[in-house]
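Accompanying notes for the structure given below.
The chains carry the letters A, B and C, assigned in the order they are written, with residues numbered from 1 in each.
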C-alpha cells in the first residue's frame, strides 16, 4: 500500500470553450494509478473518459483546455508543462493507444518508418539499432516474421494486427504509463481476447501502469485491478474491481452492470438505463444523473453530491448510495 | 426548424405563408457580401440593358465620335467641353460608353450560350439518368471524354475550324459547356429517380415524358441553377479571352474582350486606361456572378442547411 | 503494375481512336476539306493533286484510313504560309511551350503549397484569410487581362523585365531552353507567373483543404502521442498524405497549362505552339490547325496516362488494389 503512485490526478478540469458556451467535459476528476496497476475508466460516450485520457497526454484539441487541477507523473506535475516538455514526455513516459486501429497508422508510410521515427524522436540512435528494437517490439506483441511486417504498409494488415503494431509502438520506450482508449472495441471478439491477454501479461512483466478507457464492463471485468466510473464529466464511483462490480454503490454503476447481457438470465428482458446522457453544455442543477435515476429524491435536484470516501480506495459521488441488500 | 419544413413536400407550402421563395430569399440575404454582389450585378445588367439611354455618346455612331479625341487620358475634356472620365480609345470613343455597349454584348453572348447549354445538357443528362443502361453509359463516356479537355481548349479548337462570328462563338461556348450541365443533372436525376415519389407517379401510369419533365426535372433544378451561374461567369470570361485572341467575335461586335484587345497595343506606350477599364468591368461582372453563385450554392444545398 | 499500365494504355488507345474520328469528321463536316488542305490561291491542278493524295474522291471511311495512315507517317499536311510540314513546325515550337508550362507548374508548386500549408495550419489567422481571399481573386481574374496588367506594371512602368519574347536560350539535351540564361530567365518569369496564377490559387485551395482534413485524422494525433516534433508531423505525416491529391490534380492540370499557354504566349509573344496556332488561325493556315489539334489530343492522353501511373506509385493503397485485380 505504500508504493508511490505512478500517476496521481487531482481535481482535473478540462473545458471546451465553444461558441455555444463552455462544455465541462472533465470536471473535478481525481484518481491515481500504481505501478503495474490497470485502471479501468468506464463510461458512456460523452462521459468525458476520452477527454480525460487526452488531458493526461496533453493532446486536448482546440477549443478545449485543461483549466485546473494537477497531473502528477512520478511526482512531476504535467499540467504545468509547456509544449516542448510535453513532446519529450509523449511516447517516452506516457504512451497512448487509440480506439480505431484502421485510423491510427498513417496509410502512406511503411510500418518501419512509423516505428523508427517513434524511437528516434526520443533517442539519438542509429537506424539499424532502432530497427532491431522495432523487431523485438513486434515479436513481443505476438507478430510473427517481423522483418516482412516492417516493410509493409498499414493497409496490408488486419485490424487486430494493426492494433498490435500500435501497442508495439506504445511499448517502444517502456513508458511509465499507457493510456488505452477503447483499443479493442473495433476488433473481433476472439482478437479482443488475445489482445487483452497479452496486454495483461505485458503490464505485469514490465511494471507499466495502464489506464484502459472503455464503455464495456465485460471487457474491464477480466482485465482491470481497479475501476473508475465516469458520468457527465465526473467520476461517480471508484474502487477495486471486485468491490465495484459485486457491490456497486452508485445507481448509475448498478444500471451499467445490470445491462451487461452475460449477467442476466437467459430469456429475461435486458435492463436498460432510461434516458440519455445529458448535454454537457447546460447540465441541470443538482446531480447530473438525477433525470435518469430510479432512486432520486428531492435533494438530488438541488445540490451536486460531493465525493464520499469509504475506505482507502473506495469512493462514491451520491446522496443515496445503493444499499447492499438490493443487489442480490 | 428549416430541416422540418424542408421535409414537407414543397407544394404544400405554396398555401402557407412560408413559401420556398420567401425562405430562399431570407436565407440568401444572410450574407451581406452576396447581397452586395447581387445588387452590383443587377446594376451592371441594367446599365448594359439601357446603355443607349444612359451613355453620353453612342461610340459606334461615327457622327458622334471624333478621331481628334483619340487616346485622351481619363478626365480630359473634348473640344465641345465633354469630360471623358475614363478616357478615350484609339478611335476617340468615350471608354465609359464603349464599356457599357461592350457589356451588352458580353452579357448577351454569355447568357445566351449558358441557357442553350443548360437546356441541351439538362435534356441529355435527364435522358441518360432516366433511360439508363447502355444509352447512359454511352452518353456519360462522351461527357467524361469531353470533360477531360479544358472548356477553353474545346471552344478554341471549334472556333479555329469554324472561324469568327456571333453565332459561331455561341455554338462553341455551348459545345464547351453542355457536358458540365449534363453531368450535374444526371447525378441529381439518378438520386431523384430512386425516390419513392417517382415510383408512385410511375405507378399512376403517367407517361415517361410527364414523369421526367414534370416530376423529376423540377427537383433537379437547384444544383443546376448553381452550376448555371458559375458556368455563365465562365462563359463571359471565356468569350472575352477568345475575342481577345482574335478568334471570337468580329470587330463589328466589340465586347469587353475586344475592347481590351484593342487597348493592348497602347499598353507598351503607357496608355493604360484603354485596356484597364474594360478589364475592371469584366472582373467586377465575373466576380459578382461568382459571389452570387457561391451564396446560391449554400442556400440551395440541403446538406449545408443548419 | 504492368497489367495496370497495359490496361491504361489500352484505354488511352481507345480515346485516341475516338478523338481521331472526331477531328477527322470535324474537319470534313464543319468545313470543306479542300479548304483545309489547299491554300486559297492554289490552282486547279494543285486541288486535283490534293484530292487524289488524300483520296477525297473515295468513300468517307476510306478517307479516314488515309488520314490515319498519313498521320502515322507524320504527315498532317503542309503549312500554306511556311511551306513546311505542319507537324514539324509544331514540334519545333513545342519545347518553348513545354518550358513555359513546366515553369508555371513549378511556380504553382513552390508558391501554392507553402501558402496552402500555412493557411491550413492556421485557419483563423488574418494572414490565412488574406491568402484565401487572394486565391478567390486568382480564380476570377481573366488570365489575359492579368497578363496585360503584368506587362504594364513590371515591364512598362517598373521596367524590371522585358515585355515580350524568349530571350537568350541554351541547348539542353537538344532542346533550346530560356530559364538557364539570365536574359532568358528574365523573359520567362512574367509569362510563367501569368500562366501559373490560376494554378497557384488551385494549389492553395487543394493544399489547405487537404491539411484541414488530414490534421483531424487519428493518425496525426497518434503521431503526436509518439512525441514526434511538429515539423516531422507536418513534413512527413501530413505532407505525404496531401501530396496525393495535389500531384494528381496538378498532373491533370498540366494539360490545361498547355492549353492556356495559347493566351499567355499571344500576350507575351512567346514563340511556342500556342502562338503558332493563333497566327495560323488568323492567316487561315488550316493544316497547322489540324496538326495542332491532333498533337494536343496526343499530349492530353499521354499526360492522363502518366498521371494515372504516378498516382498509383504515390498511393500504396491503389497499388495493392491493382495487384489484387
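Methods note: a residue touches a chain if its C-beta (ideal position, glycine included) is under 8 Å from a C-beta of that chain, and two chains touch if they have at least 3 such contacts.
Just so you know, these numbers come straight off a predicted model, no measurement behind them.
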Once subunit C is disregarded, what remains connected by touching is A | B
Going by average Cα coordinates, which chain is farthest removed from subunit C?
A
I'd like to verify one number: the distance from the centre of subunit A to the centre of subunit C, where each centre is the average of its C-alpha atoms, in whole angstrom.
53
For subunit B and subunit C, let me know how many angstrom lie between their CA-based centres, rounded off.
26
Separation of subunit A from subunit B, taking each centre as the mean of its C-alpha atoms, in whole Å
57
Where on subunit B does subunit C make contact in their complex?
145, 148-150, 152-153, 156-162, 233, 237, 240-241, 244-247, 257, 260, 263-264, 267-268, 270, 272, 275-276, 279, 282-283, 286-287, 290
Per the contact definition, I'd like the list of subunit C residues that touch subunit B in the complex.
15, 18-19, 26-27, 30-31, 136-137, 139-145, 148-149, 151-152, 156-157, 163, 255-256, 259-260, 262-263, 266-267, 277-278, 280-282, 289, 292-293, 296, 300, 304
Which of the residues in subunit A end up touching subunit C in this complex?
57, 59, 87-92, 95-96, 98-100, 103-109, 113-114, 117-118, 121-122, 153, 155-156, 166, 169
Interface with subunit A, subunit C side, in the complex: residues 217-219, 221-229, 232, 236-237, 240-241, 244, 314-317, 320
